[in-house]
Structure formats: structure tokens, C-alpha cells
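Paired with chain B in one complex and with chain C in the other, chain A is shared by the two complexes that follow.
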Partner chain A sequence: MSMKWVMRAKEKGAKVIHVDPRYTRTSKISDKYVQIRPGTDIAFLNAIVQYILENDLYDKTFIISHTNAMYKTNKNFEFNEGVFSGYSDEERKYNTDFWAYELDAEGKPVKADSLDDPQTVFSGLKDFYKRYTMEVSSGITGIPVETIKEVADMVVNNRPGTIMYALGMTQHTVGVQNIRAFGVLQLLLGNIGRPGTGINALRGEPNVQGSTDFALLFNYLPGYLSYPNHNKPKLENWTASYGSFRAKFLIHLLKAWFGDEATAENDFCYGLLPKKNANENYSIYRIFETAMEKKMKFLYIMGQNPMVSSPNLSVVHEGLSGLDTLVVADLFMTETASFWEKPGCDPSTIDTEVFFLPAASFLEKEGSLSNSSRMVQWRYTGIDPVGEAKSDLDMIDLLFNKIRDLYKDSSEAKDEIIKKLSWNYPTEKKAEAVLREINGYNLKTGELLNGIGEIQADGSTAGGNWLYAGVYAGNENLSKRKDNKTDPSGLGLFPGFAWSWPGNMRVLYNRASCDVNGVPYDDEKKLIWWDEQTKKWMGYDVPDVPVATDGPDTPNGQKPFRMNGEGVGRLIANSYSDPDYVNQTARDASSVPADGPLPEFYEPVESPTSNVLHPKVQINPCLKYPRIESKQPIGTKEEFPYVLCTSSISEHWCAGTVTRNVPWLNELVKETYIEIPEKLATKLNVKNGEKVKVRSARGEIEVKTMVTHRLQTLNINNEEVTVVWMPYNWGFKGLSTAASTNLLTIDAGDPNTWIQETKACLVDVQKV
Partner chain B sequence: MNMNRRNFLKTAGLTGVALALADLGFNTKKIEASTKEFKLSGANEYTSICTFCSCGCGMVCHVKDNKLINLEGDPDHIMNEGGLCSKGSAMSVVPNSEERIPTPLYRAPRSNKWQEISWDDALNRIAEKFKKARDENWIEKEIDNGEEYVVNRTDAIGIVGGAQNNNEECYLMAKMARALGVVFLEHQARL
Partner chain C sequence: MATMTEIAMLHDVSKCTACRGCMVACKQWKNLPADMTPFEGNYQSHEDLSPSTYNLIKMKETYENGNFRWDFLKFQCMHCGIPACAKACPEEALVKQANGVVSFIEDRCVGCGYCETNCTFDVPRIDAVRKKSTKCNLCEDRIANGMVPSCAQTCTADAILFGTREEMTEIAKARVQVLKEQYPNAQLYGVDKNDGIGGTNMMYILTDRPSVFGLPENPKVSTSLTIWKDYAQPAGKFLFGAAAMVVAGALVNNAMIGKKNKGGHDHEQNQ
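Let's look at the complex of A and B:
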């Protein structure tokens, strides 16, 4: 449905550029289609940035006022032979302190007098990007030089401009840096914070925003608060690392979890929380790997089907076989719950016991979810769950109560946390009660909070997620609002429709839509402004400023990127902690990517060519792969000459658990297939619809071919490279069954996010 | 005439389909729309949000006798303005599908079949297994660089939530997991 809005923009004169390894329905309606080799986005984007820097096409006013362009980077900052300063070969890790600014006596970054000062971030940027000429970029990406130049001119000449991206950018071992490359480009063009700008993640899952906000992620607590590590035993250790600004929200959360038990004297029960080991990775890949090693005993999965959707499926299968107990809650039977029934596998050799719990579908339960633009919306229901199915909310509540009951007579120290946890939810209107807990209360008055500004650091407020403070403002569930008429901005903000975090703000960084004086850059399409009369930031949107009454002549009035300690956009992601003079600790220590302060191009782990920029550093230097050598072989281009890119399709969703049980979606697309270019079809002597065997270093499957013009062979560093593509939505259960593409894909992951490189691995294709 | 489709349907219901349609100049669609009106008359209505991507498209659902009889894009929704993609528009199948699993199932070690069990039995046994895995694999302390730290966790239990869950479910799952010492807490943000 996002495409509807792209089309509407196009009708109003916007230019649409589509970058994809494969020509699709989106390419068809675009003004410019760019065919790119999977995994080379940084090389492409960096050439555009280089063109902008070289020809002075950036928005000078914007970068001086709203970014760190003028800040001085410390003298030791360098980039050499594929790595930045601070790199340890042995640990494959950076010490990010090496990327700091030069600081003054008060610990604030020193600013230069001119952009051209050799020590500025801007000069550092120019220095770094100059290697990315059009020719180098073309050799790496396979995109003709003229096309790169044409796209560069289009983005420069059509401002404001926005970027929409999805998993095609993130499923790489350089996923975070791909997005950083967008960040640098958009900051240089002044394309952040104004209407029609930004970098927009089109997230592929209904509530992936909410499930990350609420931290079903090993490394966070709800609201993106860093999960406590073993070496931070006390709250003060946590605060020293992550800043007093965030510590306030952690205390607020601990009060919601431990109620009266949490006091200032006992560190608000911080000590009771389990501590993860700082040096370990607890991502989903490690779940299956530790299960394979028989260290994981019990696994509970709700609404996910990794036996289809995870990469390198043989590891998943072996992991599931190594468990004592597996619990799966889902609507339909999944390949994960019935992994022991996988064709070719003997159930009598699998010791895992499995429970399948029938879950209510989204239409059969109430609750809220958050979309890609952080808009929290309420789902009603009007039907009962199918059969005896229960909502996950009820299942979790019942299960926790049963577990707590089993511990009721224990006096062991390890069980103290279970007893101290406040957990008491009603049977009726449970979701609303939980949302109120999430919103938070003022414990003195008992009133629901109206916004983040009311949260206190002294334990007098309690709430489950600081970002959601205000969703229940005025004792009303604002996620239920439906005002689709009122939009004073004329820009489609509709402030009375549902509710967005934080504080119903629709456009993040909207302070950057105004100049240093708080005057909108575009008076016709304005979001917010400084009102001299009332001495306040005002707007059609909620102003994204630290304090609404701190004007442009105060430091707070110049912080369009206030979640960074320095308050401005980072062209180079310099590490920085804003000093807190009151508490003698960091006020705000915002994080930087683990694998570099600027996006450098590295080849995918399995690549058809060598890294021309630095042959000795072929892949992301922070990547640790294989983790288990016997299960994670790396294929070579000699044995596996073709690049495989995989994705979902618009007719099926993710593992297909639901969509493969819908007959008419199965009629639209009924099985796994491989799309190959005509040239390869001729070479292999296969025709459209004939079967081929596709093999990677990890597995092989047989599928039908689809021969198209939509993929073309590419010229990469003077060699011909062929890209093939497959959808991954199938498995052996449901109404439509077919081979699982993920038997082939690689489970090497980005060092920041552990997202796997399912967009680029190597395969061989043979006629059967 | 400024009237959105949802109000149109409501008005149509009140004033008589033919009249409303003629009013709006929709004569050609008359038969189609009146069949639909007939099908929806007396049905209860509720709204939901699609469950297949993060656009968050609005849906209107119609229910008769506790059965979902119609589902369509919510014309009053600011995101989709009545439209749904191929996946969203197919969702009326979900609560009506015979493939849905109605009861809890259990597969014993080495067995080649599922057997039905009651909720109570299932949850009691799951709770016991959880406790066993937790108690037998508890890590109270850890030594790093010669220093001892209290860590209070178990590495033998994993919980994987989903982006299919509502916010309240994710929140409770995170709260429960942490309270029980679980650090292997994950979901499908990466897919």
C-alpha cells in the first residue's frame, strides 16, 4: 500500500528511482530503474556522495546548522587499508573511543571556524569519499557510469527527496552501514526533518516496530534501554555507560516491574535483573547453535516459523532436535512445530518433546500494534477465537501464574525476583490494562501519565515503556482515535488519528525543517516554527525539541537530533558522551555503529569478485564467521559461480504459515521457483518451467525455473557476473508445500544487528 | 456530494439502497452493491489492522452469528483509504479456515504423531519443564578478568516472540522472560 503514495507523489511531479537487482512491478512505474549487484549498495551510494562533495552540491546552510560538519575530529582519526583507527585484529573489533571529537575543557566538541579546516568532520568526509569515483563504483556494482551520474543529478535536482527501503538493504553483513550511507547522503542534501524527506524503513512485519519497541531482543529492555551486562552490577554502573537521561527511564520501568519493592535504597531492584555476558551474542542464530550443542533445553516460540524463515536451515533443524522441550504457539501447524516430520527425517531418532498451542488470530483478539511510522493503532475484535484457541496475552499470563505458583514455597535467592515482580492482570479487558501499565502512572496521584515529560527519576512514576507515555493521556486510549478529517498542515499528518510515539509526533527531527532562527525553510509546507510572541515552539506537528520554551538562542534550540549527545546529525558517527554537570556522569551517551563511523564498502562473505578497494580486507572486518565451522562452510566462486538474492513476495508473507493456508493466494503463486536471466537459461539449456537443481555450500534443492529479461548479466570488475533470485516462503506444511530456499542461504550476520546476509550468497544451478 | 464509502454504506442501509445509489450516480453498480448490502444487513462491524506488513492498513470486519462474513479495507483509514493488497484482502479466510488447529497438541519424544491434550495439562507440563530447565541450568555468578560478578540467569531457555504479536503481548513476554532469568530473548526483526 505504500506504493499508492509513491504513485500519488509521481502524479504530482515527483521523480521515482528504483534500485533493485531485479526489474519488478515497482521498476515499471519508475522514472529510472537501476540494476545493481546484490551487496554493493555502499559503493553505489558513496559514488553519489562523492559527486555531491566534489561538485559542491550539498546544502551548505543545512550541514553547518544541523550536522557535525564543522566539529573537529580528534587528530588520531584515520582510515587506512580498509580499516578505521581503533581496530584490533585479534578481537575483530573497534575501540570506538578512537573516533571521538576534539573536546574543550568542559568536554564539549570543539568547532572550527570554517568547513575547510583540515580537522573538521567535513574535511574528513571529503578525504574518505574521494576513492569512490564513478568508475570504481561502476566496476563494483555493475551499474554504468552514466546511470550513476544520472541518478546523482536526479537526487540533487529534485529536493526534497525521500528514501524508502526494506530488507534489501538490511539483510547484509554491512546492513547498518548501508543505512548509514543513506544517512550521510540525506544529511548532505538537507533531506531530513522536512516534509517529503527522510529515510523510511518499510518494515516487512505487522508489528515489528512494536516488538522491537518492547524489546523482544536480547540486547534491550523496553524502550531501547541497553540490556544490563555482567560487568554493570549496579544501577550507577549502567548509568555511567548509558547516561543519566536514559537512567530515568530505566528507573521508571523498574518501578512498573517491581512496584513497592523497588526503592532508591535497593537500586530499584536493578540487581535482581538477570545480567547477560557482555561478550556473548544471544541472537536467534545462537539459540539454534547452542541447542545443537545441547546447551539449550527449552524453547518457546510464538508466531514465528524459523524452520522456513531462518537462513541455513540445517542448523535450525539440528538445533530443534537437540532441545528437551519445544513449545510453539501459532494459528496453523508450522514446519517448526513439526520439524520431526520433515520429509526424510526419522522421528524415532528425535528426543525433543513438542507442545503446540493454538493461538487466536489478530482478528480474534484485542490490542495495539505500531506501524512503520510509529503509529500505535488499536485492534478490536468481534468474534471468538477458533476452537479452544487463546490469545498469546492470555497464554503468557496463565503460564507465568503457573510458574510463579511452582516457586511459591521457595526461599532461594534466585527466585526472589519472581516473588517481587508485580504481575496482576484482570481477565476482562486485559490488553487495555497492560497498555495502561505501559503508558505509566504518577504514583503519588495515581493518575495516568500524559507524556514523557512527566516521567521522574526518583521512583515516583512507573511505566512499562517511556516511549509510549501519553498513549493513554487524559485517561483515554488514544490508539483508538479515528479522526481522518482534521489536518491543519495539509500534509497528511492527521494528529487526531491514532497516536504516534513519542508524544504523538508524526515527523521525527522536524526541528531540522527550520533554519537556525526557527523559521521554516519552506513556508508553504511547514511543520513547526519558533513563535517569538509566545516564546514557544509551535506547529502542526509536535515540535521535536528538548524543551518547548527553549528558543533558538539557547543550546536546546539548536538540537534537531536531540537523541545524540551533541544534538546534531552525524556525518561521521563520532563517539561522544554529553557531560552531565549535575550528576558527574554522562547525560547522554548515544551509540555508534560497531563496525565503523563511515560506510565503507566490503564484499559479501560469499562474493563473485575481490574487493578492489582493499584486497586484503575483503569482507566486513568486524564479522566473526563461521561460528561453527562444520555447519557454516563458505562457498567459492569457482564451485558456486552465481549470486543468489532471495526475498519474500507480495502474495505470501514471510514463512507462509498463514498465507500458504489461503487458497487464493496459493493460486496466485504456488511454489518456490528460481528466476534466471535468458543468457543463463541458454547456457544451461533449460526452458521456462523446467526443473533445476540449485546448490550452495550449505544445501541443495530442486525447483522450477522462470526465465526472464528482468535479470541481466552484469559486468563486475571486467568479468561477467550472473545474479539469480528466489522467493523463500515455502516449506513442507500447509496447503501449498515446496522446497525451502533457506536451505541454501548463509547465516553470516551484521556485527551490529546480527541480521543475516540472505540477499547475497553463491550458488550453482544445474539442469536436472 | 462529499461522502466517504463507509458512511455511504451506512446511509445506504438507512435510506434504501436503490435511492442512495441513484443519488450518487452509481446506477451501474446497483446490483452488485445491493447484493452486498443484503449480505451485510444485520451484521455487527468492528475494525482491525492488517497483520502482514508494517503499513498498518485499516480493515472493516463484519460479523454475523459469531462468524466473520466480510472483511475489506477501511475507507476511512488515512493509510490505505479503503485499499488492501493481495495478502490483506485474503484475510477473511483466517478465522474461517478448516486448517486452523483447535486444541493444544503434544508430541512425545521419539513419537511419530501428535495427540490432543487439554489446556490445563499443556500449561502445567510446560510450566514444570520451564522450571526444570531453569533450576538445573542456573548461573548465579560468573568470573571475568579475575573478578566475580552476580549474573542470575539461565542460558538454557530461549523465548522467541513474533512481530505477529500485539504490543501488550510483546511487553508481557519481555517482562516474564526477564523475571525468569532468560537472556536468549528474540524475535523476527531480522526477516
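Let's look at the complex of A and C:
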């Protein structure tokens, strides 16, 4: 669907650049296609940044006004031989306090008089990037020097410009830094906060934004509030780390969860939340490893099919086999629910008891869906669930009520949380009741909240997610709105269509679309502005400012990135947190990448070449892999000479649980295959459509070939490197079955997010 | 839209992303089964149209002098101005409607296969089990109810457009002018009613010569067909009676069947 809007932009004259290891259907409609070696995006993007810095092509006004370019860095800040200051070799970890500004007596950052001051962030940036010449970048990425230059000129000369990305950027051991590289580029070009700019994640599932907003990630509570660790036993410890601004929202959340039981005296029941071990990783990879180690007994899986979609599937299988009990709720019998039926597996050796719960499809239930634009849209029930199928909401409601019954007589402390939880949903219009709770109430008046500003820190408001306060403003479910006609901006904002968080804001950081005086940079395409007559920020969009009446002559009027303590965009990331947060709104400590304040290029864990920038630091220095040596072997380029990139395809979606049960999709793409360049086909003496064996350090499978010119061999550091590609959507269940590509892929994960490096590992390919 | 206004569908190959949502939408509306052909080492799902596939996105990879190109074409019934199928059909099962649609009236079809053999574009397919011809009817049931054909409805890339022939012609002409900058050979296909088949109601905006996309450069209806339909058949029915009709028919039939045996259709020769 997103392609529709890309095509519309193209029709209006936008230039489309597509960067991908292979020529795809997206490349076909692009103005410029760039073939890149998987896992080298930072080397490519940094060369563009270097070109911009070297030739003064950045937006000087923008970076001085809206970024930390002029801020002075701490004198200890440096980058040497592949690592930044603050690195501990033993722990493979940074102390991010080293990435700090020089502070004045009041603890505020010191700003230089000029960009050229040697201590500025901007000078540090120039110093860091100068290694990324076009030639070095070309050697690493395989992209010809002239192509990199052509792309650099295109992005510079076609402003405003936007970046759209998906898992191609995140499924790497440098996934977060890949996106940081986008951030630096877009800040330098002034491409943030203005219409037609930004960095847009095209989320992989229709409601993945909603899922992450509601704590799908193991290290968050709803609304991206940090999950409490063992070293934060009390609310005050949590507040000291994450700030009073967020503590308010945590109290608001605890009131929704524990109702009258949550009081100021008992820390609003904070103590009842199970604490995470701060030194442990609770990602999906550790789930299966822990199960394999027999430390986990029970697993409940909904909306996911990890026996197809997770990397290094042998570990997943062994993990599932180590469980006492597995519950899977899905539309169809999945590979995960029937892992014991995997070809070659002897079910008599498996003791896991498996329950399968039939789930309702999206057509059979109502509820909200949050898209990539943070837009919350209501979906209605089309037909009632077929057979015994139930919605996830109904299943969880039934389960919890039953569980609470079972624990009602318990006097054990660990069961308090179950007994004290506030849980009472109606049988009719249940989803809307949940949305109302998410929106939040004023507990004194009983009224629904109208926005984030009404949330209180004293326990007098309660709501399920502070970001969603206002979705039910005025007692109306605003996610149901359908006004697709009214758009005074002419920019496609349509403020009366559905509702987006926060506060129906359509363009985040829109303060950056105006200059220091609050005047829009582009009068033709304005989002917001400072109105001198009414002394207010006004706009077609909701102004992204801390206080609507704090004008450009106040500190709050110069904070386009108000979630950062210093209020500006960070070219070099910084651990700064505003010491005055107690008395300020919308200012607090914000997160810093764990693996570096700037995006540095590191090779993938399995790589066909050595890191030319710093041979001693080949991979991300914060990466800890293998976690279990016997299960996570690392292949060498001698044994596994080809780079494998994997992804989904337009016809099949993720693990294929739904799509592989649709014959009309199965006839379009029928099975797992491997795309190989003509040159490799000639070398292996295989013809198009013939079978090959693909082998990695972790597994091997047989698939048919697709021999194509859409993939070309690359010249990497003066050696020929071959990239091959496979879709990962298949497994042994459903109407269309085929070998699972993820038997081959590597489960090394980004140190921030733990997303696996399924975009780049090494394989061997042989004719069968 | 009044049904009598002439309508047209337009496929803009420069916008098509070959997502093939149109193929799924077609099968869904027509309730056609999947056609599980084996994997052949390319993205094109089926080699050709079939009795259960009326709409096929053709995908062709070309590599010349280090330059790669990938061409997509929505292939289906062209709804010709002068439809050879309707001329060849002895049962009036194929009828050119005033709105431009070449309708297929299944009850009349005896599965003789003349339409399949004689189509300028090699489109109709005989369902051997049901002994009926099959092809796209431009969702004429939807059109009659003021809806657009299901493929056009589902196209996210705005590559399949549907409207009055006049509107579509206007859009197509303007688009080709824009495309000529990037594609010097960009051209319209099926728009000109003075071509050998009286134009088509399935029209194209092409980025290159028709033969690149597997379409005949100069489509036309064979003379033998014209003799059959416009002279022999009506004359036979009214003047000679049934027996003579069979003889006249047999003569022309030989010519029609012979066409395929002689080496196929125009577009195959052009490929």
C-alpha cells in the first residue's frame, strides 16, 4: 500500500532512489537503483554525509537552530581504532556517560560561538566522518564511486526529501546505528519536521506500531516507559533513573492497572510488578535458549510463528521441545504449534504438551489498529468468528478471569498482583471499553481525559497508555472518524480522519519546520507558526512544542526535539539529561544508543571480507555472540563463500501462516527458492529452476534456483563477492509447504534491540 | 456511468509494480480456482492464460550491454473494436457491446474453440472439462452496477485505470507525453480506432515498442474471418439453408484452423 503514495509523489516530480542488494519490483519504478552489499549501509550513508560536510552542502541555518551542532563536547570524547571513549573490553559495553557535553556551573550545556570551534559537536562530526571517502565506501559496499556521488547529489538537490525503510535496515547487528546514520543525514539536510521529510519506518505488520506502543518489546511498559529492573525496587529508584516527567505516566498507568489498590502510600503498587534482571536479555532469542536450558516451563504464543520466522530454527525447535507446556493461538495450525511434526523429528522424544486455540481473524473482531504514522484507526467486525474461534481480547479476558478465580484464596505475596489487578470488562463492546481505559479517566470526576496535559502525578488520573490520552476525548471514539475531505493545509494532513498520537499530531518535530522566530521555512507548505497577535503557536497541525504559549523568545520556544533534555536534534548522541526536569514539562533524559554516539561501520558477524577501517574491530564491539557456542557456530568465508540476504516477498507475509493458506497467493509464488547471479549459475553449472543445496554453519536445505541478472557479483575490497537471496516465508504446514530459509540464518542480534542479522550471513551453494 | 457510454481500461506499464493484486482480485470476483503450475525459475506466476486465469501479469527480464530492464504487462482480453473472436464464433456467444465490452454469453458457447484459434492476441482458452470458452469480460456485471472492474479497484499503484474511453484516451495521451522524456519509444496501444482491429477497450501506455511487451505491432483481423462472418455466415443462414452452410463453413474453418498450424500469431513472431 505504501507504494501508492510513492507513486503519487513520483507523479508530482519526486525522484525515487532505491538501495537494495538486488534489483526488485521497487527498483523497477525508481529513478535510480543502487546495488549494495548486505550489511554495509553505514559505509554508504556515511560517504554521503562526508560529501555533504566536505562540500558545505548542509543546511547551516537548520543545524545551528535545531541541532546540537554548536554544543561543546566533553574533552574526553574521542574515537580511536574502531571504538568510542567509555568502552570496556571486558564487558563489551560502553559507559555512555563519556558521551557528554561540556557543562556550565548550572549543569547546562555550553555552546560555542562558531561551528568551527574545534570542540563543537560539528567539528567532532567532521573529524569522525572524514575517513568515509567515496573510495573507501565503494570498496566496502561494492557501489561504484560515481554512483555514490550521483546519489549524494540527488539527495542534496532534491530537498525536502524523505527516507523510507523497513527490515532491510534493522535486521543487522548494527540495526540501530543504521537508522542513526539516517538521522545524521536528515538533520544535516534540514529534512526533519517539515512536510515531505523525515525517516519513515514502514512497519512490517498492520499493527506493529500499536504492538510496540503497548509494550510488545520486553524492555518497556506501555508508552515506552522503561520496564523496572531488579536494581530499581522502589518507584523513587525508577523516577531517579527515568525522570519525573515519565514517572507521572507510570503512576497514571499503575492506577489503571491496580485501581483503588494503588495509593501514594504503597508506591501505587509499583512493588507488585515483577522485576527484570538488569543484566539479562529477555528477547525472543533468549526465550528459546532459556527453554532449551530447561529454565522455562510454559510459553503462550499469539500472532507469531517463530518456527518459520525466527533465525537459526534449530534453537527454536530445541527450545519448544524443552517446554512442559506450549499454548499457541492462531488462525491456522502453524509450524510452531506442530513443531513436533517437523520432518525428521521423532515426536516420541518430545514431552511438551501443546494446546492450540483457534483465533479470530482481523475480519472477525473489532478494535483499533495503529499504523506507521501513529494513526489509530478503528476496525469493525465483518462477520462473527467462525466455529469456536475467539478474538485475542476475549481469550485473554476469559483466561484472566479464570486465573483470578484459581488464586482467590492464595495468601502468598507473589500472587498479590493477580488478586489486586483491576480487571472488569463488559461482554459487549469490550474493545471500546479497553480503548476508553487506554485513553484514561479523571478519577475525581469520572470524565474521560482530553489529552496528555490532563494526566496527573498524584494518582488522580488513570489510563493504559499516556501517548493515547485524547483518543476518546469528549467521550467520542476519535479513531472512528472518517473525514477525508477537510484538509486546510493542502498537504494531506486531514486532521479529522481517525486520530494520531500524541494529541492528533500528524508531523512530529514540526517545530523544526519554522526558523528561530517561528516563521515557516516554506510559506507554501506550512504546518505551524508562531502567531504574534494571539501569542500562541498555531497551525494546520498540532504544534510540537512544550507549551503552546511559550514563544520563540523563551527557552521552550526553541525545542523542536523536546523529548531530548536540551531540546534539539543530536548529530552526535549524548547522555545529557536536563537537571531542571522537575519543574519543566516535556523535558527529560532520553535514550542513547548502547553501541556508540555515531554510526560507525562494522562488518556483519559473518562477512566475506575484513573491516578495512579497523581490522582489529571487525564487528560491532558491543555484540555478545555466540551466546551458546555449541548452537551458534560462526561460518568462515573459506567454507561459506557467498553472502545470503533474506526477506519477505509481496505475495507472502512474514511466516506465511495466513498467506500460505490462500491458494490465490500460493499460485503466484509457490515455494522457497534462491536467487543467484548468472555468473554463479555458470560456475556451479546449474540451470534456472534446477535444485541446489544451500548450507550455512547452522543448517542446510534444498531449493530451486532463480538465475537472474537482477543480482550481480560485486567488487568488494578488490575481491569478487557473490550475494544470493532467499525468501523466508515457508515451512512444513499450510497449503503451500517448502523448506524454511531460517534454518540457515544467524541469530546474532543488535545490542540495543536484539533484532537478528537475517539480512547478512554466509552460505555455500552446491548443485544437487 | 450509463452502460451505453463507451468505456475503457488503461494499463500504465510505467506505474505497474507487478504486485499482482489484480490477479488475486480477478480470481476472487470471478471465483476462479488457483492454477498451481510448477516453479519455473522466474517471477511470472504462469506461463500463459488458462481457463482459470483470465488476467496475467507478464514479467520479462532483459539484459543487454550491461543494462538491465524488467517489463511488466497486464495481459487479458483486449476487448477489440473489431473482435476476431466474435467474428469466428458460430454461436454468437461473443458479442461486442455498445459500451465496448466483448461479452461472453456462456450458455451459447459450444466450446468449438474458434475464438481461441482466431483471436488476434491469443487470449480465449477453452475449458476442456466444461467445454466452454473462458476470458475476461471486464467485469461487465460490476460495470452495469456502476462499479469498476475488480482489478482496477484493487490496484494500489494507480497503474490500472478505468473510465469512459474518452477520459482514458485523454489521460493516456498526456501520460505518454510525460514518459517520452525518459522513454523515447513511449507510446499508446489500442487507442487508435483506425488500426487493424478498430482500437481496443483494453488500452495501454507502453514505455517501449509493443513487441517488447509481446504485443503485435500491427494487430489485424484476418481476411478469411471477415469473409466468414460478414458474408458467408449471414448469407448461408438466409439463402442456402443448413447443408450449404456447413460446406461454406468448412472452407473457411480450414483457413482458420490452418492459421495456428502455420506458426502461430503475429505477436509470437514478433517476440
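We take it that the second predicted complex is superposed on the first by the 760 of 768 C-alpha atoms of A that agree within 3 Å, B and C clash if a C-alpha of one lies under 4 Å from a C-alpha of the other, contacts with A are read in each partner's own complex, and residues count from 1 in each chain.
Operating definition for what follows: a contact is a pair of C-beta atoms (placed from the backbone, for glycine too) under 8 Å apart; a residue touches a chain by one contact, two chains touch by 3 or more.
Predicted model only: the values in this text are computed from it and were never measured.
**Student:** Thinking of the overlay built on chain A, is A:Ser630 touched by chain B (first), by chain C (second), by both, or by neither?
**Tutor:** A:Ser630 sits against neither chain B nor chain C.
**Student:** Once chain A of both complexes is superposed, is A:Trp754 in touch with chain B (first), chain C (second), both, or neither?
**Tutor:** It touches chain B, and chain C stays clear.
**Student:** Which partner does A:Gly303 contact after superposing on A: first (chain B), second (chain C), both, neither?
**Tutor:** So A:Gly303 only meets chain B here.
**Student:** Just to be sure I read the superposition right, which of the two partners does A:Ile287 touch: chain B = first, chain C = second, or both, or neither?
**Tutor:** So A:Ile287 only meets chain B here.
**Student:** State whether A:Leu273 touches chain B only (first), chain C only (second), both chains, or neither.
**Tutor:** first
**Student:** Tell me which touches more residues of chain A here: chain C or chain B.
**Tutor:** Counting contacted residues of chain A, the larger count belongs to B.
**Student:** Should A:Thr534 be classified as contacting the first partner (chain B), the second (chain C), both, or neither?
**Tutor:** Neither partner.
**Student:** Is A:Ser650 touching the first partner chain B, the second partner chain C, both, or neither of them?
**Tutor:** both
**Student:** Between chain B (first) and chain C (second), which does A:Thr445 come into contact with in this model arrangement: first, second, both, or neither?
**Tutor:** Touch status of A:Thr445: no partner.
**Student:** By the touch definition at the top of the document, which applies to A:Val707: first (chain B), second (chain C), both, or neither?
**Tutor:** second
**Student:** Jot down the residues of chain A that show up as touching in both complexes, chain B in one and chain C in the other.
**Tutor:** 1, 4, 650-651, 663-665, 668
**Student:** Note which residues of chain C are touching chain A in the complex, please.
**Tutor:** Interface residues on the chain C side: 14-15, 17-20, 23-24, 27-28, 33-43, 45-46, 61, 63, 68, 70, 72, 156-158.
**Student:** Which residues, counting only chain A, touch chain C once they are in their complex?
**Tutor:** 1, 3-4, 7-8, 23, 25-29, 650-651, 663-671, 673, 687-690, 704-710
**Student:** Considering the complex alone, what residue numbers of chain B touch chain A?
**Tutor:** 44-58, 61, 63, 66-68, 71, 76-81, 83-88, 90-91, 93-95, 97, 99-112, 114, 119, 122-131, 133, 136-138, 140, 142, 144, 149-176, 178-191
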